[in-house]
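Data block below; observations after.
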Amino acid sequence: MENFSLIGMISIITAGLTIAIGSIGPAIGEGRAVAQALTAIAQQPDEAGTITRTLFVGLAMVESTAIYCFVVSMILIFANPFWDYTVSQAGG
Amino acid sequence: MENFSLIGMISIITAGLTIAIGSIGPAIGEGRAVAQALTAIAQQPDEAGTITRTLFVGLAMVESTAIYCFVVSMILIFANPFWDYTVSQAGG
Amino acid sequence: MENFSLIGMISIITAGLTIAIGSIGPAIGEGRAVAQALTAIAQQPDEAGTITRTLFVGLAMVESTAIYCFVVSMILIFANPFWDYTVSQAGG
Amino acid sequence: MENFSLIGMISIITAGLTIAIGSIGPAIGEGRAVAQALTAIAQQPDEAGTITRTLFVGLAMVESTAIYCFVVSMILIFANPFWDYTVSQAGG
Amino acid sequence: MENFSLIGMISIITAGLTIAIGSIGPAIGEGRAVAQALTAIAQQPDEAGTITRTLFVGLAMVESTAIYCFVVSMILIFANPFWDYTVSQAGG
Amino acid sequence: MENFSLIGMISIITAGLTIAIGSIGPAIGEGRAVAQALTAIAQQPDEAGTITRTLFVGLAMVESTAIYCFVVSMILIFANPFWDYTVSQAGG
Amino acid sequence: MENFSLIGMISIITAGLTIAIGSIGPAIGEGRAVAQALTAIAQQPDEAGTITRTLFVGLAMVESTAIYCFVVSMILIFANPFWDYTVSQAGG
Amino acid sequence: MENFSLIGMISIITAGLTIAIGSIGPAIGEGRAVAQALTAIAQQPDEAGTITRTLFVGLAMVESTAIYCFVVSMILIFANPFWDYTVSQAGG
Amino acid sequence: MENFSLIGMISIITAGLTIAIGSIGPAIGEGRAVAQALTAIAQQPDEAGTITRTLFVGLAMVESTAIYCFVVSMILIFANPFWDYTVSQAGG
Amino acid sequence: MENFSLIGMISIITAGLTIAIGSIGPAIGEGRAVAQALTAIAQQPDEAGTITRTLFVGLAMVESTAIYCFVVSMILIFANPFWDYTVSQAGG
Amino acid sequence: MENFSLIGMISIITAGLTIAIGSIGPAIGEGRAVAQALTAIAQQPDEAGTITRTLFVGLAMVESTAIYCFVVSMILIFANPFWDYTVSQAGG
Amino acid sequence: MENFSLIGMISIITAGLTIAIGSIGPAIGEGRAVAQALTAIAQQPDEAGTITRTLFVGLAMVESTAIYCFVVSMILIFANPFWDYTVSQAGG
Amino acid sequence: MENFSLIGMISIITAGLTIAIGSIGPAIGEGRAVAQALTAIAQQPDEAGTITRTLFVGLAMVESTAIYCFVVSMILIFANPFWDYTVSQAGG
Amino acid sequence: MENFSLIGMISIITAGLTIAIGSIGPAIGEGRAVAQALTAIAQQPDEAGTITRTLFVGLAMVESTAIYCFVVSMILIFANPFWDYTVSQAGG
């Protein structure tokens, strides 16, 4: 019965740390991009449209790295092939 | 009876660390964005509306990474599939 | 009797570290936002109202990440499902 | 008799570290806000009232994160539910 | 039965850490590039097209390093040759 | 006899580290505030009164986080409830 | 049967960490280069061609260090001489 | 005889580290305040009196955090209640 | 049979870490050089030839430190004298 | 005979580390103050007297934290109450 | 047979880490020098010859520290006196 | 015979680390002071005498912290009271 | 036979780390000096001779610290008194 | 025979680390001083003599901290009193 317990513990730790560590970079990167966008709008109000559009495309790309982490985290909690196999073994 | 105890301890630690570490990035990123927004408003008061709107959209995206962490943290405490399985095993 | 003791120790450590680590980011982020707000007011006193309003909305969002940590910390001390289960087991 | 001793040691360490680590962020954040307030007053003496008021509201919010840590620290020393339970068990 | 369990745990940890650590650099790098792009557009609105185009090519290259990490992470979870071999051994 | 010895050692370490770590943030924060106050006085000598007053209120708030640490440190050395209980147990 | 299991675990960890750590430097370096390129284009739109060309050659050289890491990572997963030898030994 | 030896060792380590770590922050903070004071005097020689007075009050507050550490350090070496109790126990 | 297994594991770890750690410095250094080159071209378009030439010679020298790491990494995987000797011993 | 040996070792390590760590802050803080003093003299040669006097008072206060460390270090080597007690016990 | 195996493992690790760590400093230092050279050429095109010559002499000196590391790394792999002695002992 | 051996080893490590760590701060602090002195001389050549004199007094105070470390290091190697006592015990 | 093996391993590790760590500081320091030299030449081409001469003397002094490390590293590999003594003991 | 072997290993490690760590500070500090000297010469060529002289005195003082480390390192390798005593004991 030990195998699935160990796999479970490891999955919990990894799921949590993946999204915790993985949110540091995107949060700081996005904060920086947003901050600069506001400066840019203040400096060139007539280009607010172009700036906002470029900002959102950029934020989407930065957010994508956070989403990779979230996806891996969710896979480890709800669709973990190693856990499925070990549980099926324990039940077999 | 050891299995569920270990899973429980690991879940507690991970839930706490996930939201603790995961709040550093967004807090700093949002602080930066807010700070720059205030500078921008002071510099171009006429654009306060556009700036505030862009700021809130940006803050929402930064906050989203903190919310990913909070969601994982709550899942680990209140809807933890590994804990449910282990408890059901221990009770079986 | 060991199980509840271990769960208890882990809950104490995690509750403390969660709020301790989780208060670093928001405190620095808020300090930065407040500092910039004062500069902005000094630079554009006529916009003090708009600046203060935007500041408070921003501070509320930054504070929210600290509150997530505080909530998790309080849950671990006063409404910990793992502790409840283990104590009920030990008493059973 | 070991259980309450371990819980006690862990509570002491956590109480100390929580307030120690938790005072770094607020102290630096407040120092920054105060420093910027003085610059702002020097730059715009006529707005000293508005600046000081905004500063104190801001300081209160930053201080709040330090107070969360202090509250958790005091709970762990003087109103620790895990300690109470363990001592009651040891005395039972 | 221990072999596949160990390989599984290691794969989980590595998959999570690879994408978590690997998302820090690209997120910060992209945030910087986007931030500078907005400054550039504000400074030279007439070149918005060239700037945006160069930005997207650059973001694609930065994103590529995040994708390398995601690819390795997915290979470790869903197409792991070491796991396949060990499971086939355990089943043989 | 081991219990009170362990509690004692842990109290000594924690008391020392709490005030040591807890003095870093306030010292740097206060140094920054004082430094900026002097610049502000040099820049606007006529406002020396307002600046000094705001500085002292600000320093008091920053110092408060150091005092939280000192209080916890003194409680752990001279009014430690865990030590009192353990010694009373050992003497019982 | 232990040898190939250990070699496998080590290969998994190293493959993941190599590309994870190895993507930090290039991502930050490229982000910086792209950011500066956009500033340069905004400053000297007439030289956009030369700047873009130099940027891409530079990005290629920076990317090369990420590719070294990816190559080593892929070799460790799919063409690992140590694994091949150990498996052939285990099968012999 | 082991108890007082352990308490003694821990007291020595903690006394040293408390003042060592605790002197980093104040030294850097005071250095910064002094440095800025000199700039302020050079910039506004007529206010040298006010600046010097404010500097000394500020230095006293920063120094206070170093003195907290020194006090704790001295208490641990010369008036350590845990050591006194343990020695009295050993002699009893 | 243990000797070659240990040498193999160590070679894998070292090969991966050597190129991973060794790519951080060059990638950042090259990114900086490229970024400055673009600024220089924007500032002095007439010297684009000289600047590009100097840049490529410089990049080559920076790249050389990355190549030293790659060479050591490849030697450790494909031409490792310690592995060859240990395997020949094991086979002898 | 082990007790005094352990106390001795711990005293040596702590004495060294106390002054080593404790000299980092003051040295950097003093270097900064001296550097700024020279700038101030160059900027306002007529105030060289006031600047030098303020500098020396400031340096004395910064140096005081280094001296606290040196005092603790010397106490631990030449007037260590724990060592004296342990040696007297060993000789008793 | 253990001795030469241990010496071998240690040599592999040290050879890799020496060049990996040793390439960080030179790569960053050279990148900085090259970046500044390009700025200098852009600022003073007429001195391109003198600047380039000084740059190359400087790069050679910086590179020399990387080469020290590479030399030590190669000595440890191909001309290791400790390995030679241990192997000759093992073969004797 | 173990006692003096342990004391010896600890003294060697501590003597080395004390001066190694203790030289970082002073070296950086002095480098900064010297660098600023040269700027000051270039800016105000007529005050070269005052500047140089203040510099040397300042350097002497910074150097004093390095000398504290060197003194402790020499005491630990050549006049170590703990070593003398232990050797005399071993010889007794 | 263990003694010389241990001394050998320690010598290998220390030789590698000494030059690896010891090359970081000089490489960065020299890179900075060279970078500034080029700026200085660009700013004052007529003083190129004096600047280059001062640069080379300075580089020689910085390089000297790298050479200290290289010397110690070479002594540890090729003229290690501890190794010589241990081998002579082992052979005796 | 173990005693001298342990003392030897410790001496080797400490000798290497002392000079390796101890060269970081001086190298960076000297690099900074040299860099500033070149700026100063470029800015005030007529004072090249005074600047160079002050630079060399300053470099000598910074170098002195590196030399303290080198001296301790050499003492530990060639004139180590602990090693001499232990060897004489072993030979006695």
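Observations, loosely collected:
Letters are used for the chains, namely A, B, C, D, E, F, G, H, I, J, K, L, M and N, taken in the order the chains are written, and counting of residues starts over at 1 for each.
Basically, contacts are C-beta pairs under 8 Å (C-beta built on N, C-alpha and C of every residue); 3 or more make two chains touch, one makes a residue touch a chain.
Note that this is a predicted model, so its numbers are computed, not measured.
The rotation that brings the Cα trace of chain C onto that of chain D spans 25°, given to the nearest 5.
Centroids built from CA atoms put chain I at 43 Å from chain C.
Chain F and chain L have CA centres that are 30 Å apart. Distance between chain centres (mean CA atoms), chain H to chain J: 11 Å. Look at where the CA atoms of chain C average out and do the same for chain K: the two points lie 47 Å apart. Residue positions of chain H with contacts to 2 or more other chains are 11, 13, 15, 17, 19-21, 24-26, 28-33, 35-37, 39, 41, 43, 55, 59, 66, 69, 73. Viewed as a contact network, the protein chains form a single closed ring in which every chain touches exactly two others.
In ring order, beginning at chain A and turning toward chain B, the chains are A, B, C, D, F, H, J, L, N, M, K, I, G, E. The touching residues of chain A, when paired with chain E in their complex, are 3, 6-7, 10-11, 13-15, 17-22, 24-26, 28-33, 35-37, 39-41, 43-44, 46-47, 50-51, 54-55, 57-59, 61-62, 64-66, 68-69, 72-73, 75-76, 80-82, 85-86, 89. Contacts from chain H toward chain J in the complex involve residues 1-2, 4-5, 8-9, 11-13, 15-17, 19-21, 23-39, 41-43, 45, 48, 52, 55-56, 59, 63, 66, 69-70, 73, 77-78, 83, 87.
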